[in-house]
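Both complexes shown next keep subunit A, but they swap its partner, so subunit B is in the first and subunit C is in the second.
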Partner chain A sequence: MYSALLYKEWLKIRWAFFSMVFLTMLTLMYIALNMSSYNEFMTAKGFWGNVILLGFPFFTDIKYIPLLIGVVIAIVQFSPEMNLSRLKLTLHLPADENKLLLQMISLGFMLLTILFFLIAIILWAIVGIYFPAEVVAFVLSASFPWLVVGVASYFLTAAIILEPVWARRLILIPFALGFLDIYLSIANTHLQLITFLVFAAIVSSLLILFSGYHFKRGIK
Partner chain B sequence: MENVVEVKNLTHYYGNKLVFENFNFEIKSGRIFGLLGKNGTGKTTTINILNGFLKPTSGQCLMFGEDSYKLSPETKARVGFLIEGHIQYSFMSIKQIEKFYSAFYPKWKKEPYYELMAKLEVTQDQKLSKMSCGQRSQVALGLILAQDPDLLILDDYSMGLDAGYRRLFLDYLIEYAKAEAKTIFITSHIIQDLENFLDDCLIIDYRSVLVAMPIKEFQKTFKQYKFHVPNPEFRLSKNNIIKNYEILKDKATVYTFSERPELEAYLNSLSINNSTVEEVPMTLEDAFIGITGKY
Partner chain C sequence: MLVKSSRLFYLLLIVFVTSIFIPKYYWMKFEKNIKAPAVFFSPVIDQFLVRKQTSLEKFCVDPKGKEYSREEFETLMPLLNYRQLVLEDKLPDSLHGELLIIDKIRINNITLKIYPADIDLSQIQLFPMFESRSGRVRLEMPDDYFRIAKRMEFIDCASNTVVEKKSLCFTTYLNAKHFSFPAKMIAGNPTTKKAFDEGYFVLDSKNNLFHIKMIKGKPFCVNTNIPNNLDIAFMRVMEMPLKEYYGVIITKPGDVYLISYDNYKLIKLPLTEYDIEKDIFALVGDQFFRTISLISSNQIRTIATDRNYKIVDRYEEMWKDNAQSSAGVVASYIFPFTLKLNDENSSFSNFHFNFAGASSFIGMIIFTILTYVLLLKRKISLKKGWFDLVLVLITGIYGFIAVLLVKNVDKNLE
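Up next is the complex of A and B:
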């Protein structure tokens, strides 16, 4: 049953997923080309000096990409369910309703994890061309919170779309925006908070169960 | 006969608006039960409550003895549900959607589904979103038949369908229901299609039940009479004898469950000439309009 549900979710998500892979590759290619030109025009010494002494942010073009990916995947996955109340079809399936909802988001989560892992690998590879392991490690740890933001944005967008009560949606939207803004603003400067932020992102996935409950019980 | 559905003292409000109050009915196993009513009388609300998609303000709905508010997966597998408008996953193709649902239902039989699909001029890879409303209705029906449920709940199967597709839908359904002794709970706004299909009917109006009986009994006992009234200003009133009436110029039409002598005695008491009373045969649709009124 789980594989059938994943199959259905994949049919909805696949084109958006491939588009997001393409967008990610373009962004990483852009970063790689910029690094190549910095290396050429600043000279390797100048580029190193700018990055290591002045903290030149040569990789920040990727910052909002995971956020965008999370939002887009959630929209393409859950909007068709809410259109004409198709979620009724899923919730009428002979299985536990909460389990069905969690299985639906598990596919989105898996795809985001694959994509974000790809981002980390490629960043590691292209930064490693010019810099030593310490700088590569710094770039990856600085990018990690952005990837967590991507996961949180996916869960929060899904919960907002599935929420049938507009008043609750209007509460969830500013909550989600504030939550993501905090992530983006403090995560880089307070790396010690990252464990908490990862935990909070995972807990935010449970919001979908409340939205699903409201839908299931016809709460308006 | 076992009760497949039991609705007990069901009351529901949308905000302050009462939809129905102390609503009671039951559906016996193997019967074809029609819930009939005008738009906005609570047919879809009842179906949503039955399937657990709405919590009633008070009262209880049981399906196979289980509270519809918390149906077990095993009971859900016994219920085939057609959502109003034949809603299905339109991003899937004919083949994909069959593959998807087959994983969930232990009694799945793909043959009736593909048999029905063969009648449509579509390929198996055609997406539902590229199909006509009539074709989508056949996909939705085929999926329900393949599920092989014990109870079929069909919410306004006729919505958006032309006469041909409505006939095809019902022909398949009748054949299936009779052969497999299935229980069907159906709503529709096209009453004449259901005339030779239903076993039992429940006709509802805003907030109340007007009729709850076998359809044959309803058609046999509910009658329409026409007669002349003394003047166009003459007024009748609804009561135990006259369930509904219309007066147009000097001609009155009354609808009643009473026998002719009882009606005539009543009309006599109103100084109406009995000699003009004439019974007019009715179709199911005429009877439906007669009991619910045109407005």
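Up next is the complex of A and C:
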């Protein structure tokens, strides 16, 4: 049943997912074009000086893309479920509802992880054309929280959509925004903080169960 | 069980977010911009002058409380304000028995300021090696950057590849000077906006400090023989036409040394209790004196020394910082702790907790009682609601907000 469920979820999100892959590729291409242009007009050593000595942020176009991807995938996956309360059918399957919900978001989580991994590898490749390993490491560690926030935004958006009562949605939304803002406002992050934030992003998948619990029981 | 842990995560998420944002918004409203006074040492009256006011009539005061206008201040600090005094034709001919010559004043006027965030700095470990004797007036950016890992490598910017010949030349030379790879710390002044270049001071893996630069394309490397047990936290190199010292070393225990041009002999500054994580270090020098200050959020400690760094006078002043203001006292009752991820004293994001101390217990107990009442109203027994109570007992207002907004899980429905 798990594979059938996954297939159903995949049918819902595939077009949105492909558009997001397309958007990501366009953004990465734009970064690559920008770099080639900086390299020409600043000259290579001018570009290096700006990046290495002055911290010129040439790669920030990617910053909000994973966040957007997480939100979009969650919306296309879960908002149809809420129309006409279709989710009720799924939850009446002869299986544990929590397990079903976790299986539903596991697909999005896997796809996002693959896509974000791809972003990291492509960033590595295009930055590596112009810069040595030290700069590549700097770019990857600076953009890592932006990738993790994509996972968190997916889980939180799903929980917000599945929450049946608007009053509780309005409580969840500001805290979700605050939580996501944390990932986007940090720089030069210490290992212990980023480890915590990765852990927190993954555990935020649990929130969907609380919304699901309200949904199934019709708790007002 | 899963639903309960889901609720628990929700509560913790709210605590995490509120402990960052509520104090942040609170302080956005109530934080006052409290400026530390500027402390000067007048070479004319051999006394400190403290500048707090901004009005031109009461420009500064001396430690006895006498006030001076801006014009008086400028004549009492003729070396600092020589340009203004020259314009008004008021610059004295001599001071302390020495003739005042403009070029000499200019060379002797030095300033150095080091912030805690400079010490706790994230930096990409690639550096440009300038040609320090090019025969040109201006310094030029080189075409390559170096790293000192297993060997010293130069990487060409245009091709992003290692320049083998130059790398081999420098590595061989450093090996001959008994440099032990890799480098632990590299400090230089990588800018072309300086009068000349002194290259880099590099701490090798055995804590020996080397001076490395490039002269006419050839490597220059000297073991400075500075003791290897200093526990160096930070170095700043700054080329100054005065050529008294190459730069400054700050150690983890808070000692400050100048690396002099006299065969790298260290000059220890007579400072005590310098907290490198919180205090700003400021050194201002002129032809006759050095004024060295340690500035924290609520205190300034200044010493004036002669040119041999012997103390001639001291000045100390304390004031109320934001934490001691009435807004700060109120905050210490409301917020048991505040969490900052970005701190002004560090360039790294990390958990920067600030615990309020004993006064916050009152708030925590009040919020715990409120939570107890809330649970009674929700008809949640202590057996089921104990976690909420413990959460509020530990996190005070943040936990209370979380419990207030998030209903408990009804066991019968789960």
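Just so it is clear, the second predicted complex is superposed on the first by the 214 of 220 C-alpha atoms of A that agree within 3 Å, B and C clash if a C-alpha of one lies under 4 Å from a C-alpha of the other, contacts with A are read in each partner's own complex, and residues count from 1 in each chain.
As a working rule, a residue touches a chain if its C-beta (ideal position, glycine included) is under 8 Å from a C-beta of that chain, and two chains touch if they have at least 3 such contacts.
All figures in this text were calculated on a predicted structure; none of them were measured in a lab.
Superimposing the complexes on subunit A yields a three-chain arrangement in which subunit B and subunit C fit side by side.
In the superposed model, A:S3 lies in contact with subunit B only, and not with subunit C. Once the two complexes are overlaid on the shared chain, A:P80 sits against subunit B while remaining clear of subunit C. Of the two partner chains placed by the overlay, only subunit C lies in contact with A:I182; subunit B stays clear of it. In the superposition on chain A, contact is made by A:L209 with subunit C only, not with subunit B. In the superposition on chain A, no contact is made by A:P57 with either subunit B or subunit C. With subunit A as the corner point and C-alpha centres for all three chains, the angle toward subunit B and subunit C works out to 140 degrees, nearest 10. Once the two complexes are overlaid on the shared chain, A:K12 sits against subunit B while remaining clear of subunit C.
In the superposed pair of complexes, A:P132 makes contact with subunit C only, with no contact to subunit B. The wider contact with subunit A, measured as residues touched, comes from C rather than the other of subunit B and subunit C.
Of the two partner chains, both subunit B and subunit C are touched by A:R217. Here the smallest spacing between CA atoms of subunit B and those of subunit C, following superposition, is 7 Å. When the two complexes are laid over each other on chain A, subunit A has residues 217, 219 in contact with both subunit B and subunit C. Interface residues of subunit B facing subunit A in the complex, by the touch rule stated above, are 14, 48, 51-55, 73-74, 76-77, 79, 81, 83, 85, 87-92, 96, 99-105. Touching subunit A in their complex are the following residues of subunit C: 2-3, 5-7, 9-10, 13-14, 16-18, 20-21, 122, 124-126, 128, 141-143, 145, 147, 155, 157-158, 160, 190-191, 341-342, 347-351, 405-407, 409-410, 413-414. Residues 1, 3-4, 7-8, 11-12, 80, 84-86, 88-89, 91-96, 216-220 of subunit A are the ones that touch subunit B when the two sit in their complex.
Those residues of subunit A that touch subunit C in the shared complex are 44-49, 51-53, 98, 129-132, 134-135, 138, 171, 175, 178-179, 182, 185-190, 192-193, 196, 200, 203-204, 206-210, 213, 217, 219.
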